[in-house]
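The following block contains the structure, expressed as structure tokens.
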Amino acid sequence: MKLTFLIACCVLFLGFPVAGFAQDTPEEAQPADSITTPIPAPPGNVTAWDTENDHGHSVSLSWEPSPDDGTGLGNVIGYIVFRSDSPDGPFVDRGVQPAGASGHTDVGSKEEASQDYMADYVDYYYKVRAITADSLVFAESVMVGPVQSYGQWFNTGRIPVLVFVLCFMAITIFFIQKAKSGANLFVRRLAGIEAVDEAIGRATEMGKPILYVLGLGTAADIATIASYTILGRVAKKIAEYQTGLIVPCYDPITMTVAQETVKTAYMDAGRPDAYNEDMVYFVTQSQFAYVAAVNGTMLRERPATNIYMGKFYAESLILAETGALAGSIQIAGTDEIAQIPFFVVACDYTLIGEELYAASAYLGREPLLLGSLKAQDYAKAAVIILAILGVIAMNVGLDGFKDLFYISN
Amino acid sequence: MFTPAPLLALSSSTIGVSISLGLVGLGMVWMLIRSLRARDVDRRIVFLFIFISVSAPILFPITFSETPTPVVKKLFDKVESLPADSKVLISFDFDPAMAPEVQPMADAFTRHCMAKNHKVIFMSLWATGQSLLNQTMRAVLVTEFPEKRDGIDYVELGYKAGNEGVLNVIVSNFRKMFPTDVNSIPLDSIEIFDKIKSCRDLDLIISIGGGKPGIKEWVLFVGDPTKTPIGAGVAAVVAPQLYPYYPKQLLGLLGGVKGAAEYESELVRHYPQFEEVDKPGLRMMGPQTFAHVVILAFIVLGNISFFVSRRRASR
Amino acid sequence: MKRSSIIIMLVVLAMFVISWLAKASSMAGVEDHNIWHGFLITFSAFLTLAILSFLYKDNPFYKFAEHLFVGVSAAYWMSMGFWTTIVGNLIPRISNSLSAFFEVPPIADEWALLLLPDSVTFFIPVILGIMLLLRLSRNMGWISAWPLAFIVGSTAGFNLVRYLRSDFIEQVSSTFVPLLVDWQGTGHFFSHLNLNASGQFVTMAGNWVIFLGVMCGLIYFFFSKEHKGIFGFGSRVGIWILMVTFGASFGYTVMGRISLLVGRLTFLFGDWLGLIS
Amino acid sequence: MKRQVPLALVFIFGIFMIIQYFIPHEKSEWVYEFFLDWIYIIGIFALALGIWSLIRVSYDKIKYRRPNWQYAAITLLGLFFMILFGFDYGRHIFSAEGLRNYMFVSFFDYILIPIQATMFSLLAFFIASAAYRAFRARSALATLLLLAALIIMLRFNPYFGAVTPYIEKTAGWLLNVPNLAAKRAIIIGVGLGIVATSLKVILGIERAYLGKD
């Protein structure tokens, strides 16, 4: 209480006129103020080093909190880190840490044009200042330095990722080899996929086309890539049954790919004559304009079946409901978790998340694709085992186990 | 196309809304009967119901008298109980996407503080908050309180980059982070700041947002060290995550449209002069609840007709 | 065209004109170019209604709005892309004279790739782009696969590591939850048994559900084994949990979706018809 | 040539991107940023391709008087004018004012925005009809779906949710516990699927996107 009163006085009478120089460099401390607020002890044992696993332009610091931080006088409310490129200043403010903090990372810009550009391979000197509520009362650590920043060529923090990448590659390649050697790999049936076939049959009977929507993904979205395989299979069947196919596209590159896929499918089916460039066409690259157009198509062409496979966002429900309105059978598949519920609710069959990828392998029926599907399953088994081990470890207090998975930056 | 206009103008909103309520109610009864006969309704009828239930409360603004929940009341009472000329900081920590939900709160807070003659400091931790801040200043301050003068009754510090860093500095010294206000007038020559050095000198801090940096940061970096009371307004989605801080670290919390509506109605109860001003919170409230109830009703109806038809089938 | 539809057309047209004039007159004095602004607002109101009319059934007005929307939006993205990417990003790097023509500041070389200046390296995407356009030609079409390969390949590599990290490793490690929260013996557990949300029992139950839920979910996504026996049970539990989640997220979204409609109707009743102050 | 080169490219760039992820050094960052820029630039050419396809399809529609051919004309008109305004004649044709051209902006504000917002707002109707149609206790699973949805909806209905703390608690639990578990299971699965598929692409096993030979 008394303290706050003192602070208030100091702010009123002394603080204010001087506060103009608030951005004061460490040199000009005002001994006069020490009467009002006791000066805290400085942070001890400051060390500075180049930040690991980064592109350079950054230095990390650590220090022991001032004895008056929390304990002692308890008037330290934070720390300011100062940097200079020469031992005798001028020092500039490089960031603030709250009370109790014992470290800071000084990250500069890598753009030479930028204000806080921080050059690599240059000597820097650091000070840490313990600040109190009164900006004129503070204590500074001894200066540390010189320290240089530079970029690394390997990110040790990401070793776990590397390990997993290699393991996964190994499993996949192993099973692909196995598949090549003709071992038959069992894959359980997926309701959604079985449905595709009968849906095509139904469309043929009704003499109505099939609408295939690749979603809003770009050509490189993995969901879209999986969708191509399914499209290829569907198109092949359609070509055999001589049913109509409509593929409106949102992304121009996706369109070119889809055209390629459908064309080949028709050739494989031995009916290149039946293929027609306008089956696969570009609409527009604007979400709701695309939806508007597809909705229109649904109500005008009255497709027997709508297949939605790929990436979908808010439009998922609009599409699915309009499709239901048009009385089409609807089969959906997406890895966009937020949208799965709407498809589940509004469609007849839904491939949930991973099933979409499984479907592409399952439909392709190529041993190679199935091989990688096996690899996925074994990875999942590994996850289950790891999770069980991890839980046990947690409960017997082996926290080290979790650190095996720790990825720094 | 314009014929309804005079009619609506004449009809007091209560009549209008009761009519539409009756319509919807009757419709529901009719559908209940249909469902009991196990007949499904065409979805167009569903659409129609939604349309009516949303548009009616918009046309005849039905303001359910919101009785504020304690978590809102406490915040209101705090602003109310502060003596005139208290220093209140309002931080706009949100973006246009969140704005429909939380901007009403910002407006309500601003009105309340102005009515109580508090000195208000506006700032934002979000780059996108700046424009929304200006929006509130234009819509509320300049138009409704022309007598209030910039720099004396309120000051706009605007946006400063640095997220929590900003808070870390202003906790000890505003001038370090904000040498000037948005109009680049040095704080030293701004009357409000005569007596303000750091966040400690504020009587109340209100953070409006729902993302990071936001309420959590204000509590951890400013509220806890300085013991300055902090109030918050957030999007409905994030409200549950903040309840743990109430009441120890958070004075009060407005959650989503509902919270805004409660505050607005409380405001009107104390300050009748705000009867006329637009109350988006309350306005949004009607349609949302109304339509929401209708949807729930539909789910129930759907199941009734389903069960009836199934019993028929089993017979 | 049937007579009835012609009549409808005329009626709508008449209403449009009326509302336009009314709007314009109501804006007179308040705004300059009130005729033009009246038209714009009336037109966007018309488009709004046209789209909404789709809820009843497909109709010429919806078709009109839809086709207009498609054309305009495609052009919009084209212009956007041209100005932001070609003019904003490509030209300043490859040619000073061109950037002078477009009045954009040239971007300094970063000598990034193989020590070639940007002005050279940035011709590569242009060439790839042109290759893509070549697909329009009958006999050179095959070359369009090259830029495709570049895009697909690099994004595949990009996705592989990032998803492995964020969707796999980090998710797995966050499944390591303590199943015995501050366990002080069975006796203590049952004596302190209570149902408040932060209580030991509830947290523990929660952790168990999370752990088993993830397990069963994964089992459901197992493809190389028939879902039978204990395995089948696991997958069934998995799908139950999935369904609960889907229901929950659906219910969660409802409120937000309604406010979208509120926004539109406020435009119709307020900005256009001026029924709400 | 026609087959091998693309597959080789995919492999090279794929592997490069994987390696790049482990090299924090500026140089690798630069290359990475360049690739992203490149992809955007190629995208624009592709967009031109798309516009071409749009024009051709609409043109054919008109030429062969396909059903609704009149509307195709509207599409073309909209396209034409918007591009015209977009490539504005401010200071000289192709001035960067393109996007600030008055007509361009008004087209955006009074055609694109209203239609877009309205399309989006259709969700309010569809979410209702979907709920009515699908939330029926047909089977055990459907019932679970229904109950979960009901509880959450009651929770977020400001009038029921507030009054019954029980619903509030249950809803909170649903969102924090089973929801978390299921989402995590899906995410892990999807993650695996994506990783596996990317790998297949890089190794040239999954090549549907090139069109089979």
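Should a chain be cited, it is by its letter among A, B, C and D, assigned in written order, with residues numbered from 1 in that chain.
Here is the rule we use: a residue touches a chain if its C-beta (ideal position, glycine included) is under 8 Å from a C-beta of that chain, and two chains touch if they have at least 3 such contacts.
Note that this is a predicted model, so its numbers are computed, not measured.
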Inter-chain pair with the most contacting C-beta pairs: C-D
Chain with minimal offset from the mean of all protein Cα atoms: C
Distance-maximising chain from chain A - centres being C-alpha averages: B
Gap in Å, rounded to a whole number, between the CA centres of chain D and chain B: 31
Computed distance of Cα centres, chain C from chain A, in Å: 16
Between chain C and chain D, centroid-to-centroid distance (C-alpha), Å: 5
Numbers and ranges of chain B residues touching at least 2 other chains: 43, 47, 50, 54, 236, 257, 288, 291-292, 295
Multi-partner residues of chain A (each touching 2 or more other chains): 158, 161, 165, 168, 218-220, 222, 225, 253, 256-257, 260, 283-286, 288-289, 292, 300, 340, 342, 344-345, 352-354, 358, 373, 376, 380, 383
Set of chain C residues in contact with two or more other chains: 51, 54-55, 63, 65-66, 69-74, 76-77, 132, 135, 145, 148, 151-152, 154-156, 159-161, 164, 168, 172, 175, 211, 214, 218, 221, 242-243, 245-247, 249-250, 254-255, 258, 261, 263
Chain A contact footprint on chain D (complex, rising order): 18, 21-27, 29, 39, 42-43, 46-51, 53-54, 57, 60, 67-68, 112, 115-116, 119-120, 122-123, 126-127, 129-131, 133-135, 145, 183, 186-190, 192-201, 203, 205-206, 208-213
Chain A partner contacts - residues on chain B that touch it in the complex: 43, 165, 168-169, 171-173, 175-176, 179, 186, 188, 194-195, 197-198, 200-201, 220-221, 225
Of all residues in chain B, those that touch chain C in their complex: 1-2, 4-5, 8, 44, 47, 50, 54-55, 58-59, 61, 100-101, 236, 257, 278, 284, 287-288, 291-292, 295
Complex contact set, residues of chain D against chain C: 2, 5-7, 9-18, 20-21, 27, 30-31, 34-35, 37-52, 54, 68, 71-72, 74-83, 85-87, 91, 94-96, 98-99, 104, 106-125, 127, 131, 140-141, 144-153, 156-157, 169, 171-192, 194-195, 197-199, 201-202, 209-211
Residues of chain D that touch chain B when the two form their complex: 124-125, 127-129, 131-133, 135-138, 146, 149-150, 153-154, 156-159, 162, 172, 175
